[in-house]
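Naming follows writing order (A, B, C, D, E, F, G and H), and every chain is counted from residue 1.
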């Protein structure tokens, strides 16, 4: 079994169907991960403990997904030295996703969050693997192979469309 | 001197020119206040201490102003039982203020922030006084008198324009 | 039975399914409320009577919900010294809710409306209770207990997800 | 002197530089008007008196300009049987004018406001004259002549550019 | 039968379900109307004939509905001296209705279009009747009675909700 | 002198500083053009004559620039069989350019306008030349050479930055 | 069979239902075309080959459709001297289509993309035919006839509505 | 001197004043970098060479800044296995920065770009250092120290404001 180096957290279990995409692609790329629920607004103490200590537990990258006024990724970034990837989730009552996107993306100078597309948990997983791969030839090879697969799938579809 | 019942905090000293409007109107309405800088992203520990303890120090209402991905009001609301008023500040590099507005307004169910207009610190001060006035006849009278003044100013301008 | 201290009004009975959330949470927190329909655009006289007199009837906080060009919360705030909480409702033909949000939030200096999230009636109820709690130890305890429950629910879900 | 048939009101004297454009074009088109300040939020009683009685004073059309959460045109439309023209004013602290536009335009079924472009007071004046002209051959002739002038001005500029 | 004084046109028969609301309320208010399809983009010649001659046929007000890059109301306003009411229609492939709203509302100085809310054909009908009523006591009475009905319906619903 | 094959028109002479960029690049690419002012809203008759006849005068492409509720490009496209390039101009009182962009871009099925970026008159000129170049080897060579120049300029700047 | 002069490409086979509209109208207008899948992000090498060589294969116009952060049309425009028509596709997880529209439309000076409406593949086809028609009397006649049909369809619907 | 592990590229030298912030903070954190101009639209061949080979030259992270229809970060991400950080630059003629933000953020599944705030080059530099730090205790210590400094600066300002 792989060592856990990526930690995936989300603000609510309603984000799980979206955030599982990050887990799936990490599994496919052979990168160890954990999955948990941490709510910035409902469990602020847990947020603090979690974010202060993740890097001491061997975690290398954090993926945090949240919707609406999404404060989870930014607050983790405030407390942890690790790179934090934010996934804006388009929750019900969101204003078309703009709230999630802007409250994750527009972080002040000094505290970055690596934001991916709305509901882009899969890309968050790939990005986490790319970060891990900066010190792992094995993971970089997995990413290069994955990109190769993407290409082949499109070429196949292209062949089908041209016929 | 009035007892301090309103606490005004902001994420950065660049928000001070906006947020002072809250202080001024509270002074005018005879409501005691304090003023401080607490950054959700740069001083998360201070944020925690501040928000957990404000209500035990006699504070009745918190006014929190912040710009961009503004997490300060929401994180205080997460940690304090007090009513929290959020002031979206239009900072430089803000996307026309939309980021501040949405990341303060769109709080999830369970954790409200009473949001006022973009740069609306003056209204935040009045709202805080109105909250205080629910248990203070004196403050309510001050608010009624203030509204009377607003009306008279407009009527005066009306008279001038009609001439 | 509790004394009625919160008044919930809405512009149309089509807002009722949203606005009932405010009533439910106030009930749960032990705060007395009333519920009525007052349309700024269709019953302006009733609006005037209602808003001018609410504070003389013992009402401490007003919650007003409306959609589209939502003038109800702002007009009540113009006429009453009480704190007014505005709930932007995403009505049919609304432009994604932006109209409701902006016409409630962007009040001019002097006349604040405490705006909550789009369709955020539940949070309006909690905010009203928080305002009441500034002079009621009992209500503050209810709010602290409620926040505790929120936390426990998330921790439970967290435990389930981690398994 | 012409009979006063158009009433121009605005929420604040800061709207005057914009709203004067309506007065100027009405003068040019020979339509009598009055000019006043009526604030929905600061002088609600005056608003009521004004709007309830305008049609009994011989006013045929009302032009109302306001910025931010602009409630003046809609509240007048709620109280008066007259056609109401709304001018969204781009005030300071407005969110790019979107707030003024949406809170004037998006009126609910039953209570129309004839909205013109952001800061479009000149067009409000022309529209008022067009309304008056439905029962005044003289005013219709003035409008037809005005449109002729517009055309000639463009043709002149066209000639200059082509040279 | 009433004299036809209001002309309702739309860019496409797919706008008919929306635009019929204008016809219905005019009927209810006793104002004579006609209904037709005129496409700015597909029948430009018909547009020209129609718009140049409407006022010579006794038409007093034009209601024009269109979606997307909606040029019909503005082009009619360019060609006719009559007041033109524009109804932004939220067509399929519209970008949330913003395109229709902005391309009708933001007319240049000199050529106003009286814009109503997105899909607000009913309000367009009422506004047309209000314009007609500036020279018709009978129609003004119908409008006053209509407003009375609106009020009574809300008061009834209010009574039901309060029970 | 080159044959005039591109016609550049704009709604107002205030658009000239922007629209001249189209003329400049056409000159540079050796494509003949004319320049005129045609206002959809102020000179509708001229618009009709112009658009109906352009293709009979040897014009191959039309570039039309306009701001606000920009109807000029779409109305020309409605009347002419030629390809029409639309340039959204960010005029004063425009709502950040969104109005110009959407009222040019969102044309209904059957009547395309080739829209370029906000204030993108230079690109409109290049696009016109590209269209001309589909039947002119000479113009295509000019375009290929122009692209080469763009590349060299960037490479030069790159060299300077790297030093 | 017609010579292939228009090349239609799209970023993903999920864009096919939209992009087929371009093929259909080209067929109807008698203009030869090809159809393929080329992904800027998944098959960048194919994109390079395709775009560098299209004009040497006799292609005169390229239609490229893509959604989200849509880079396909712009990258082809960067590599090819041909006119490139971009179709913003409203894909799932798009933010209401704004991402596709802006990332195709807002090209920098020097590299135009002729953008059509959101999902406007049909108009892309017509525009391509119009470009071809600048050197083909036959295609121009087909376009004039097509516009005639559009007009007749509307007039027929008009007749039906008026009855 | 530090080994070069971060590569900063931008689409135009007009982006340099913004993008230099990334260089400055990397210098401060002791992380080696290079700086270059690579335009997706003007030097596509250079883009290809650069992106295909960066990881073979020892580069671990790429920072790419661009404005308008910003394709540079996404195209690099398409061609390189490395983590790519995108900086949306608010260029002139940008539509308030929305175009840059959306065309960098909204990448399709399979090809992530780690997006930071509008003009957020400083945060891009910190994020790059955080990525490097996942395999460098020294860099992680520098980041922890940097965060400590941020905190101290705010506490100092707080002390000054409270006095």
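What we mean here is this: contacts are C-beta pairs under 8 Å (C-beta built on N, C-alpha and C of every residue); 3 or more make two chains touch, one makes a residue touch a chain.
Bear in mind that the values here come from a model prediction, so they are computed numbers and not experimental data.
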For chain D and chain E, which third chains touch each of them? C, F
By how many degrees does chain B turn when fitted onto chain H using C-alpha atoms, rounded in steps of 5? 90
Shared interface numbering between chain H and chain A [over half = same, under half = different]: same
Between chain B and chain D, what is the separation of their C-alpha centroids in Å? 35
Chain centre separation (chain B, chain F; CA means) in Å: 49
What whole-Å value do you get for the distance between chain E and chain H if each is reduced to the mean of its CA atoms? 52
Give the residues of chain A that touch two or more other chains, as numbers and ranges in rising order. 12, 42, 68-69, 93, 95-96, 98, 101, 105-108, 110-111, 113, 117-118, 120, 147, 150
Pairs of chains, among all present, that meet the touch criterion: A-B, A-C, A-G, A-H, B-C, B-D, B-H, C-D, C-E, D-E, D-F, E-F, E-G, F-G, F-H, G-H
In their shared complex, chain G is touched by residues of chain A numbered 90, 96-98, 101, 117-120, 147, 150-151, 153-155, 157-158, 160-162
Considering the complex alone, what residue numbers of chain C touch chain D? 11-12, 40-42, 44, 48, 67-71, 74-75, 77-79, 91, 93-95, 98-99, 102-108, 110-111, 113
Touching chain D in the complex: which residues of chain E? 55, 60-61, 81-83, 85, 101, 105-118, 120, 122-124, 126-127, 130-135, 140, 143-144, 146-147, 150
Please output the residues of chain D touching chain B within their complex, sorted ascending. 12-13, 16, 34-39, 42-43, 45-46, 68-69, 93, 95-96
